[in-house]
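Dropping the structures in below, format is structure tokens.
Two complexes follow with chain A in common, the first pairing it with chain B and the second with chain C.
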Partner chain A sequence: MNLESLRDLWLTYQSTVAFIGLNGLLALSVYTTLACGQLSLGQAGFMALGGYTGAILTFHSALPYPVVLAAAALVPALLAVPLGFPVLRLKGVFLAIATIGFGEVVRIFFVNLEFTNGALGLTAVPQRTRVWMIYAALGVALFVLWRLRGSRAGYALEAIREDEPAARTMGIHADAYKLAMLVLGAALAGLAGALEVHFTFMVAPSTYSFARVVEMLVYAVVGGTAIFFGPAVGAAFLTLLPEVLREVGSRVGLQPGPLRPFVNGLVLLLVILFLPDGIVSLPRRLHRALAGRGAAAHAP
Partner chain B sequence: MLLRLEDVRRTFGGVRAVDGVRFEVSAGEVHGLIGPNGAGKTTLLNLVSGLIRADGGAISLDGRRIDRLASHRIAALGITRTYQNIRLFPALTAADNVLVGEHLRRRDPLWKRMLFLPSVRSEERAARATALDLLARVGLSERAGWRAANLSYGEQRRVEIARALASEPRVLLLDEPTAGMNPAEVTSIAALIRNLARGGHSVLLVEHNVKLVMDVCERITVLDFGKVIADGVPAAIARDPAVVAAYLGGDR
Partner chain C sequence: MGQQIVNGLFLGSIYALFALGYTLVFGVLDILNLAHQAVFMLCAYVALLLVGSLHLHMFAAFPLAVLAGGLLGVVVDRVAFKPLRGRSDSNISGLISSIALATILEAAGLQLFGPDVERFPLGTVPDRSVQIGGAIVSELQVVIIAIALVVMGALTFLVQRTRLGRRIRAVAESPLAARILGVNVDRVIAAAFFLSSALGAAAGVLFGLAFNNVAPDMGRAVELKGLAVIILGGMGSMPGAAVAGFALGLLEVFTVAKLGSSYRDAIAFGVLFLVLVLRPHGLFGKAALREA
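This part shows the complex of A and B:
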């Protein structure tokens, strides 16, 4: 294989590689709140705030790109604070509904914002994102979550997820931890939003619909939320799956069409049915199956 | 007085679960809280630990009012507890449950961990060693790596005690610590409670095992229908006609 064909290969798959990273960041942003037992579905709203902040700064200022990205993470993070105070008092499905509401409010705000061209959004956003930047961001996010695990704060989060009142009576300030994780998730979503906008050349409200949040949540659940890198694995798997199916499908002579989404859905269903702890639990499960069930029954 | 309850009241939809309760626990004292089912004992522990709010009265620790504080603040002032219906973190190991209990005592900041500073490493090692010591103290060294959910009932109760002790509380609230335990386990819990008191901890013990209460408590408060019907040393409580009537039934 010569250099020329390597470059062609990269050009063909660059976008897939970029979206594996972007979707990984988004899946992690959902994971931050799931890690302390909160189902917050406002991530598309935070992402929109990041995307628009980034695009507006790029169009209307001469700021260097790292500063633009920092602002795109900061704006949703700051907004998450006043949102978190009332909203984090809610539990379970009520929190989910309230945060969906927040996401819709943000989306409709941008639909009506003439400054950014309303529902059409802004096009011809300069492509300032390089693929390595996406992976640098993903790497930093994974690093932070990795170091969090096993720390004093990490144990506090696990305790809150397992039994919040019991955690409180151990002296854990549950509200502060939940708010911190909401803010962190908002920052990650905002950062991913700005990176995406500067990769796809455009920003429009329709990108930030409720369906987008569901997508992020599915990444996290399919990958597994018991461990911090699970959501990123899920994002990689589900972003690659349609590409692989297309490639395989064309090799075996299948016409593109209804079959591919069907297989996509089937794989999703199989993972949820047979791997409730996500793809990342697969090695452990295989190991147990090979070692025999008896020995594993009482394992820690 | 370390822990003081004055005229504490709490109603649930018209039912006076706790009705004007007053008693005191001094430092290093094992104080029993007994009474028939539904007397308001667990409600009282929930009030002291801040899980629910009192409708009236005052609860103070070392002269400081705590009845309006959030539970994590109350824990930080030195009151931790166990639960009648065991509330361990089931997915965590026994050792990790106790590590969570050390939350208030640990100081290792997150940014140092992010930078891999060696001081954090040694603090973490010390925290884990403390957790293992506490598990040894309740006789569970060999269960340290087991998930809490896989432990027996009695073992789970002992992990809860270790977890509550991990913050070095001044007052430990134990809600029926020996329920579901075998006689040997009960004996070791009794010894542990006496040991704690000697170490300066105060213990407020809710318990149905009357023999245990009589054995380990210096003072006993008896509740019935949310009211204190007797308060005194074990020998006096055992003879008290109101207590006998509450437990055996009769005219009141």
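This part shows the complex of A and C:
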């Protein structure tokens, strides 16, 4: 294969590769709250704040791109603090509902904001994102989550996830940890939002609907939330899947529109029912199943 | 003023029916069924097909669509919730599996019926109206409010006065104790899902008739309103859901009249937020220590 065809191949698949990374970041932003047993469904709101912050700074200032990205991560993170205080007192279902409400409020706010062109959003955002930047951000996020494992904070998070009242009794500041993870997730979502906006040339409220949150959740859960790299694996798997399905769908004659959410939903359902630790637990399960069969064969 | 009140009660009766479905399952299982809105949408289509293609009268199509909703609810329970029962994290995993099922059902709706808005044929409902005081009330509005009130009354009777209702309340109190006393817990839960989804279906058909608008994404908007209603009323409280449904309907209609329609959706979330921050157990709910 010569250099020319290699470059063609890259141009064809560049955006798929970029979206694997972006979706990985988004999946990790859902994972951060799941890691302490919370389900935040407001990540699309944080992502919108990051995306709009980035686009506005790019249009109205001469700041270098890294500063713009930092601001896009910082704004949702700062907003997550006052949001987190009342909201994290809520548990389980209540937190999920409150954060659904938050995400919708952010979306409605941008729909009504004249300054950013309302529901149409802003177009012709300069393409400042390079694919390596996305993977650098993903790498840093994975590194931080990897270092967290086995640390004091990591054990505290696990304890909170397994049994929060017990963790509190042990003297763990559950609220502080939960708030920190919400802020971290907000920053990741904001960063991914800005990176995406500067890659796809546009920002509009419809990008940040509840369906987007469901997508992130699907990546995280399908990949597996028991370990930090699971969500990124899930994002890669499920971003590639539609590419394959588009081929299959066009041959079977199904509409491509509904097919993608249908398959996403089906994969999510199957994984949560039969593979609670996600597809990253698949090798271990297969290994155990094979070993189990071997042992059974040896039994008298 | 009188007109706004009538419109608010009319909208509120649909919200209340929808939210009662949520709260019934939550009261029994402590689980939020996010596939509720998909049942709402699909049953509006069922009624539309019965009226449009089979030329049934609306009064025959309505109970059939409600029945279809109930059966769909049993399927939702079997597929998304029953397999997870007994798992330690069934609260969050149930929420996620119901989101998955909602996505599947919604995509199925989109595939089967297409993305466009569909309407009931002309003359499905009477379009006469009467004047009460200063307000003009259409017969449809009267019928919908009446149906909602009758259904709420029937539900209250069912839960408070019948054997099935007693069993549902027993399972809500403690599934383990109910099982020991000889209650078939799985069957009671399936019955709760049947009732809940039948209520959602009724709300869906009435919503489709009221706005003459049936579309695959009609459930999304109502889902969030329904969540605001059960939070305001108190999770698991049936009178709370009914009262809060009417309250939200009135609030929304008055907001549109005073502030304009762009803030219409923000109201529901404003209410949701305030209640969660100030009084998380809602107007009628009981505070619980362990609800995670």
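What we mean here is this: the second predicted complex is superposed on the first by the 262 of 300 C-alpha atoms of A that agree within 3 Å, B and C clash if a C-alpha of one lies under 4 Å from a C-alpha of the other, contacts with A are read in each partner's own complex, and residues count from 1 in each chain.
We adopt the following convention: contacts are C-beta pairs under 8 Å (C-beta built on N, C-alpha and C of every residue); 3 or more make two chains touch, one makes a residue touch a chain.
Because the structure is predicted, anything quoted here is derived from the model rather than measured.
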Notebook entry, point to check: Which partner does A:L120 reach: the first (chain B), the second (chain C), both, or neither?
Noted result: neither
Item checked: Touching partner for A:L259 - first (chain B), second (chain C), both, neither -> second
Notebook entry, point to check: With the two structures laid over each other on chain A, which partner does A:L63 touch: chain B (first), chain C (second), both, or neither?
Noted result: neither
Notebook entry, point to check: Of chain B and chain C, which one contacts the greater number of residues in chain A?
Noted result: C
Margin query: Taking the superposition on A as described, I'd like to know which of chain B and chain C A:A153 touches: first, second, both or neither.
Written below: first
Check: Where does A:F94 make contact in the superposed view: on chain B (first), on chain C (second), on both, or on neither?
Finding: second
Notebook entry, point to check: Touching A:L9 in the superposition: chain B (first), chain C (second), both, neither?
Noted result: neither
Notebook entry, point to check: Which partner does A:I172 contact after superposing on A: first (chain B), second (chain C), both, neither?
Noted result: first
Note to self: Quick check for you: in the superposed arrangement, does A:E104 touch first (chain B), second (chain C), both or neither?
What the structure shows: second
Margin query: In the overlaid three-chain picture, which partner chain does A:V244 touch, first (chain B) or second (chain C), both, or neither?
Written below: neither
Checklist line | chain A residues contacted in one complex by chain B, in the other by chain C | finding: 165
Item checked: For the chain B and chain A complex, residues of the former touching the latter -> 49-51, 70-72, 74-76, 80-81, 83, 87-93, 96, 99-101, 103-104, 106, 108, 110, 113-114, 124, 127, 145-147, 150, 163-164, 167
Check: For chain A, which residues are in contact with chain B within the complex?
Finding: 143-144, 147-148, 150-153, 155-156, 158-159, 162-163, 165-174, 298, 300
Next item on the list: Spell out the part of chain C that touches chain A in their complex, as residue ranges.
Entry: 26, 30-32, 79-80, 83-84, 87, 89, 91-93, 95-97, 99-104, 106-108, 110-111, 115, 220, 224, 227-228, 231, 235, 262-263, 265-266, 269-270, 272-273, 276-277, 280, 290-292
Next item on the list: Under the touch definition given earlier, write down the residues of chain A that touch chain C in their complex.
Entry: 34, 37, 39, 86-87, 89-94, 96-98, 100-102, 104-105, 108, 111-112, 164-165, 210, 214, 217-218, 221, 254-255, 257-262, 264-266, 268-269, 272-273, 276
